[in-house]
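Down below are the structures I want you to see.
The same chain A turns up in both complexes below, where it pairs with chain B and then with chain C.
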Partner chain A sequence: MARYITKRLIYMLLTLIIIATFSFFLMKMLPGTPLTMEDKLSETQKEIILEKYGLNDPVPIQYLKYMGGLAVGDLGISFQFDNREVTDIIMDRIGPSMQLGAQALIIGTIIGMLLGLVAAIYHNGFLDYSSTFVAVIGKSIPSFIFAGLLQYFIALKLGWFPVALWGSWQHTVLPTVALAMFPIAIAARFMRTEMLEVLGSDFIQTARAKGVNKFGVVFKHGVRNALIPLVTVMGPLAVGLMTGTLVIEKIFAVPGIGEQFVTSITTNDFPIIMGTTLFFSFFFIFIILVIDLLYGIIDPRIRLAEGEK
Partner chain B sequence: MRKTNWLLLGLALVLSMFLVACSGGGDNNADGGEGEGNTEEKNEGNEGSEGSEGEPSGEQVLNITDSAEIPTMDPSMATDAVAFQWLGSTMDGLYRLGENAEMEPAIAESHEQSEDALTWTFKLREDATWTNGDPVTAHDFVYAWQRAVNPETGSEYGPYMMNGVIKNAEAISNGEMAVEELGVTAEDDYTLKVELEKPIPYFLSLTAFGTFLPLNQDFVEEQGDKFALEAENILSNGPFKMTEWKHEESWKLVKNEDYWDAENVNLEEINVSVVKETSTRVNLYDSGEIDAAGLSGEFVQQKAGSEELKTEEEPVLFYLKMNQQHEVLGNVNARKAIQSVINREDLVNVILANGSLPAVGDIPQNFAKHPESGEDFRDINGELVETNVEKAQEHWATAMEELGKDSVELELLGGDSEVAKEMDAYLKNQLEQLEGLTVKVKPVPFKERLRLDTEMEYDLQNSGWGPDYIDPNTFLNMWVTDGGNNKTGYSSEEYDALIEKANNELALEPVKRFETFLEAEKMLIEEDAVLAPLYQRASAKLWKPYVKGVITNPMGPDYTYKYAYIDGKE
Partner chain C sequence: MEKLLQVNNLSVSFDTYGGEVQAVRGVNFDVHKGETLAIVGESGSGKSVTTKALMRLIPQPPGRIKEGEILFEGKDLAKLSEKQMEKIRGKDISMIFQDPMTSLNPTMKIGNQIMEGLIKHQKMSRSQAKKRAVELMELVGLPDAANRVDQYPHQFSGGQRQRVVVAIALACNPKLLIADEPTTALDVTIQAQILELMKDIQKKTDSSIIFITHDLGVVANVADRVAVMYAGKIVEIGTVDEIFYNPKHPYTWGLLGSMPSLDSADEDLYAIPGTPPDLIAPPKGDAFAARNDYAMKIDFEQQPPMFKVSDTHYAATWLLHEHAPDVEPPASIQRRMQGFAQEAELNTKGDRS
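Showing the complex of A and B:
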């Protein structure tokens, strides 16, 4: 087990280095400089400022310097937010995004699983159709429309929750609900399909024939088997939710990280582009590792299949 | 999951970043400068309170939003509207912008100019203090201005605003001279002497600008790298001080009780939240959580007719730049045809629909006034371009004949924001009315457009400019031969001579100088048809009727809250 994890961690590191390298050179292909007043400054002045920030060095030199800094955990200093450390910026912004993402993921998965479970148990009944309907709505309505509707009706017209902004737990309710729609839909669909398959399989029939009651079968054997594909899709979804969503964060004015990535690209804020890319990548790879370990716990048949060879 | 898959995933991630990079452009297109607002529009005396100014009543708290996080609170490093706004609210320079863009004494009590207008001596008030109790002295200005041009600082606005203005600024910012040589000295604690490179008629308006704000040397050096990063690393000397700054989320300003003019400051608190989405602002405004909300596009139409809707015209001008290195656009008749084939009325009413005005010259409305009669520059020179399709066709036919062509294809560099797309489609449609002209729209992100502009790799482009100081020179000076931002290939000895004359011989003769600018604008737009003016930008904003006394500025901070107050809030 320990050997397997060590091996995986080494691969993770390699992956990150490759991502850093690719991102760095792609980023250097962006037109323009981080200067805000590119259109107004004279060439001499631009040169002087770029020189100060080491942006006049040949790209390979800049790359080596950056990787050198990275090795000691230095992500550099932002250009658009003068003098602010990239690490601080990411840490400042990731909190709200993570909180919303985690809340949405937990609530979404639980509700979605329940819906899917109910749908499977009452296959082709009213509850099945209702929960499928919810899932279809959740999947097909774009989140910004749903968020806008929530904001207008629940917050502005009914006044149950704040319209937007950040601060108390009440502020997190509407964005969480808006974000949770997608995981609800995904979880419900997967749960329903998998449960139907599992419930129809031989070992369940056997268990039923041996007298295990309906709910016992469902919870002891059905859910566990249906979890495998669910974990597979929920992993990347978790990363997506927890690293911030541009649209929801903008609509509810949440100070999250979702938009930071995009604005840093349009302003050529190289250190932030690199910082967020690496952070997102690390998070992503890390979640994949967690999922692989989870597989083993959920289903012993695939435990450490690769590693132990 | 297999190892190879992670690599793929990693690659996919990188790729997706690249795609985002390609499509990102932001909506800051073509906004050359930071200047916004207008001199006339004031947000006080709503209907019902006419005649009487009103008195502050009730809780003096203003709740507003801004469109982005403050990039920096370091005056030397500030470059954008958000930074200048909050620096302007928390700090006082020598002068500050008052009503109708008039310069009010702030830290300076008065000033004197030498006869040759090269030396300005400012007498500073002795009762101004920093929030740590230190007095604000002439040394603070010397330090701040030296810091702004010091290449070590890496300031963009420092060299931009000071080179060619303050003596030796250029050499210092190029690293060729010691910062102590900068033409600014403290004769004593309360007398500041400024030496200029040449007479600068608009110098006073510069002293209100963010880059020229003073800095307390001891404080700045003590803070080092942390200076201005958090609310507690900021030292103020203005009407308000920042007490809380949650990055990317909100900040709070409270009245500075030690401010020298505290008795004229009414607001106790200004709470600012970052809200980027217009619909969110409108909902917050409707729910009563905020007192003002900037609008765009559809929301302006939705709120049309509301008494709370105010249009603020800005001195920011947009126009089509025509590359004269292009065979066809080098022909003045072709350029005149382009000038007069575009219907600007429809452009502002249908495409923009936010109160923007059709542009008919190179100087916006309500920006520069005749030094004696006070008449507006725009009113004197009138409409230098008109929409006349027939005349345009004639010019075009002449041009085609002179060039011996019957069909032409031109490329229009456009922006990639929603409005820009509609606008470019409209311009294409208008331009193609000219016989035999095909226009190809090439949408590019803002930074890429700047690059293509610098390299002059374009035929036509939709471009804009905001002023850096209140003087026609900021708009007209850029079109001289090889001007850093000319990039149209326009070069006219006569035009150069006019601008040269206005800035040197006539620097001390305001009326003649003004008239020279009038002449220059006519030459630029009417005779040489260098640009096809499109529109003067305006913005629409909702203001609660109980917010009074907010002044809108044409440059520097968008709004002055110093005199703002709340009256009649339920």
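Showing the complex of A and C:
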């Protein structure tokens, strides 16, 4: 197992180097420089600044310099915020995004799974249709509509939670709920389909022939066998949720990283673009590793195959 | 002999978009203590549905027990609640399924799967149940049980898995064991081993077995009595000897004729012509009439009742009516019957010496 994980970590590193290279050259193909929007600066002033930050060097030289810095963990300094380190800015902004994402993911997965289970158990009954209805709503209505509705009814009319901004845990409730709608819908749909298939399999009949009741059949025999596809879709979704969502962060005025990322692209803030991209990529690859390890925990057949590698 | 199970006029239907499929249409039979009843018939004849109905494992909807009684030790299982049935399943009646590759939970340890019934029905603690699970695994001939109890199904071969399935079924010493084609998915050597195992266990525990199969070779090997099913009905029932040496129903003739045997290499294997009837709209008369070379006019008009051949032997064919012409089974079947009789004679002689 340790060997397997080491091997995976080496692959992760290679993947990151490749991603860094591609993003770097792609970014350099963007028109303009970080100073394009600065009208107040004269051409000579701009030249001095570009020279100072090494932006006049040929692109391959810039690339080598950047990768050299990366090797020692230096992501560079932001152009947009004077002299602030990129690492600092990411760490500053990632907290709220991660928290919202994690909350939405956990709540969404749990509620979604329960909805899916109920739908599968009462297949073609009223509860099935109701939960499918919730799933369709959650998947088809964009989260900013929910966000607006929540702000208007829950925050403004009822005054239960703050409308926006960041601070106490109460501030996290509404954005979490708005974000959770999508994972609820996805989890419910997958859980329902998988559970229906599992409940039709032979070993469920064996369990029933042993005298196991409906509850035991679903929870002891069913759920674990239905989890694999769910874990597969929830992984990338987790990354998407936790690396910040521009729309929800804007609506609730959350100081998250999603907004930061978009601003950095429009202002050609190269170090921030690279830093955030690499951070997201790392996170994504890491989650994939976690999912692969989870597969092994859920299904013993996959565990053995890994051990043999 | 004491009756353990008595099935009276059992009918099971499935409601589909195409209409009501009458999978089982008024079946009567009984099972005595300690005996093995084989139910034979081709695919779709209602064998599995009948036995699943006994355990109330028919998915409802679309299935339903339309009418009839299932008297198990005097209690009508057809009328019990789901909760009451859960207490009987696995304890008094248990089931061995056809495909060992899919009938075990792939994500649960073998031990836990055997222990489940013990903990539920015999109120054992986990450690007691685990000890018993190891004993059961040894009983069904799985070596190194103490270690293998913590393994998962994929670490067992097909034959070993079927032994596990047998161990699960035996866990609570059931009075009735239903084996739904337990050897069909196994190769011939393993088949013989599993059959020996079941016979052995029956001797030790004196339980009754209902054995579903379409393999007549297996029937001759394990059964005391045989029920032949066709299109949701029992068309002939009798002791093994009666069914093999003196079959009366043309369908039974067909089944026996289509059984491959080592000494019939020179002739073509017989196949019953046609296909089974559509059970959404079963024919008015004898369901087998359309495929029956010996069918008479009345076969297309009226369903034959069960004619008595002997105290233990009944067959539903108009050929047994007193006004029916005398019809002998086809020559090839007669040769078969003689073959069976000779074999039996040889076997008994062998036993004596």
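Here is the rule we use: the second predicted complex is superposed on the first by the 298 of 309 C-alpha atoms of A that agree within 3 Å, B and C clash if a C-alpha of one lies under 4 Å from a C-alpha of the other, contacts with A are read in each partner's own complex, and residues count from 1 in each chain.
The rule we apply is simple: a contact is a pair of C-beta atoms (placed from the backbone, for glycine too) under 8 Å apart; a residue touches a chain by one contact, two chains touch by 3 or more.
Because the structure is predicted, anything quoted here is derived from the model rather than measured.
Enquirer: Classify the contacts of A:Gln205 with the two partner chains as first (chain B alone), second (chain C alone), both, or neither.
Expert: Only chain C; A:Gln205 stays clear of chain B.
Enquirer: Go through the superposed model and pick first if A:Met98 touches only chain B, second if only chain C, both, or neither.
Expert: Neither chain B nor chain C is touched by A:Met98.
Enquirer: Taking the superposition on A as described, I'd like to know which of chain B and chain C A:Gly148 touches: first, second, both or neither.
Expert: It touches chain B, and chain C stays clear.
Enquirer: If you stack the two complexes on chain A, which partner ends up touching A:Asp39: first (chain B), second (chain C), both, or neither?
Expert: In the superposition, A:Asp39 contacts chain B only.
Enquirer: Going by the touch definition up top, name the partner, chain B or chain C, that contacts more of chain A.
Expert: Counting residues of chain A touched by each partner, the higher count goes to B.
Enquirer: Taking the superposition on A as described, I'd like to know which of chain B and chain C A:Thr15 touches: first, second, both or neither.
Expert: Touch partner of A:Thr15: chain B, not chain C.
Enquirer: Between chain B (first) and chain C (second), which does A:Arg224 come into contact with in this model arrangement: first, second, both, or neither?
Expert: Only chain C is touched by A:Arg224; chain B is not.
Enquirer: In the superposed arrangement, which partner chain does A:Ile265 touch: chain B (first), chain C (second), both, or neither?
Expert: In the superposition, A:Ile265 touches chain B alone.
Enquirer: Please name which positions on chain B make contact with chain A in the complex.
Expert: Checking each residue of chain B against chain A gives 1-3, 6-7, 9-11, 13-14, 17-18, 20-21, 24-26, 28, 32-33, 65, 69, 71-72, 74, 77, 79-80, 151-152, 154, 156-157, 159-160, 163, 173-175, 225, 227-229, 246-250, 273-277, 279-280, 283-284, 286-287, 289, 445-448, 450-451, 453, 468, 484-485.
Enquirer: Flag every residue of chain C that touches chain A in the complex, lowest number first.
Expert: 55, 57, 82-83, 86-91, 94-95, 97, 99, 102-108, 113, 116-117, 120-121, 152, 154-155, 165, 168-169, 171
Enquirer: Using the touch definition up top, name the residues of chain A that touch chain C in the complex.
Expert: Residue list for chain A touching chain C: 201-203, 205-214, 220-221, 224-225, 298-301, 304.
Enquirer: Show which residues of chain A lie in contact with chain B when the two form their complex.
Expert: Contacts found on chain A: 11-12, 15, 18-19, 22-23, 26-27, 30-32, 35-45, 48-49, 52-53, 80-84, 89, 92-93, 148, 151-152, 155-156, 159, 162-166, 250-253, 255, 259-263, 265-268, 273, 277, 280-281, 284-285, 288, 291-292, 306.
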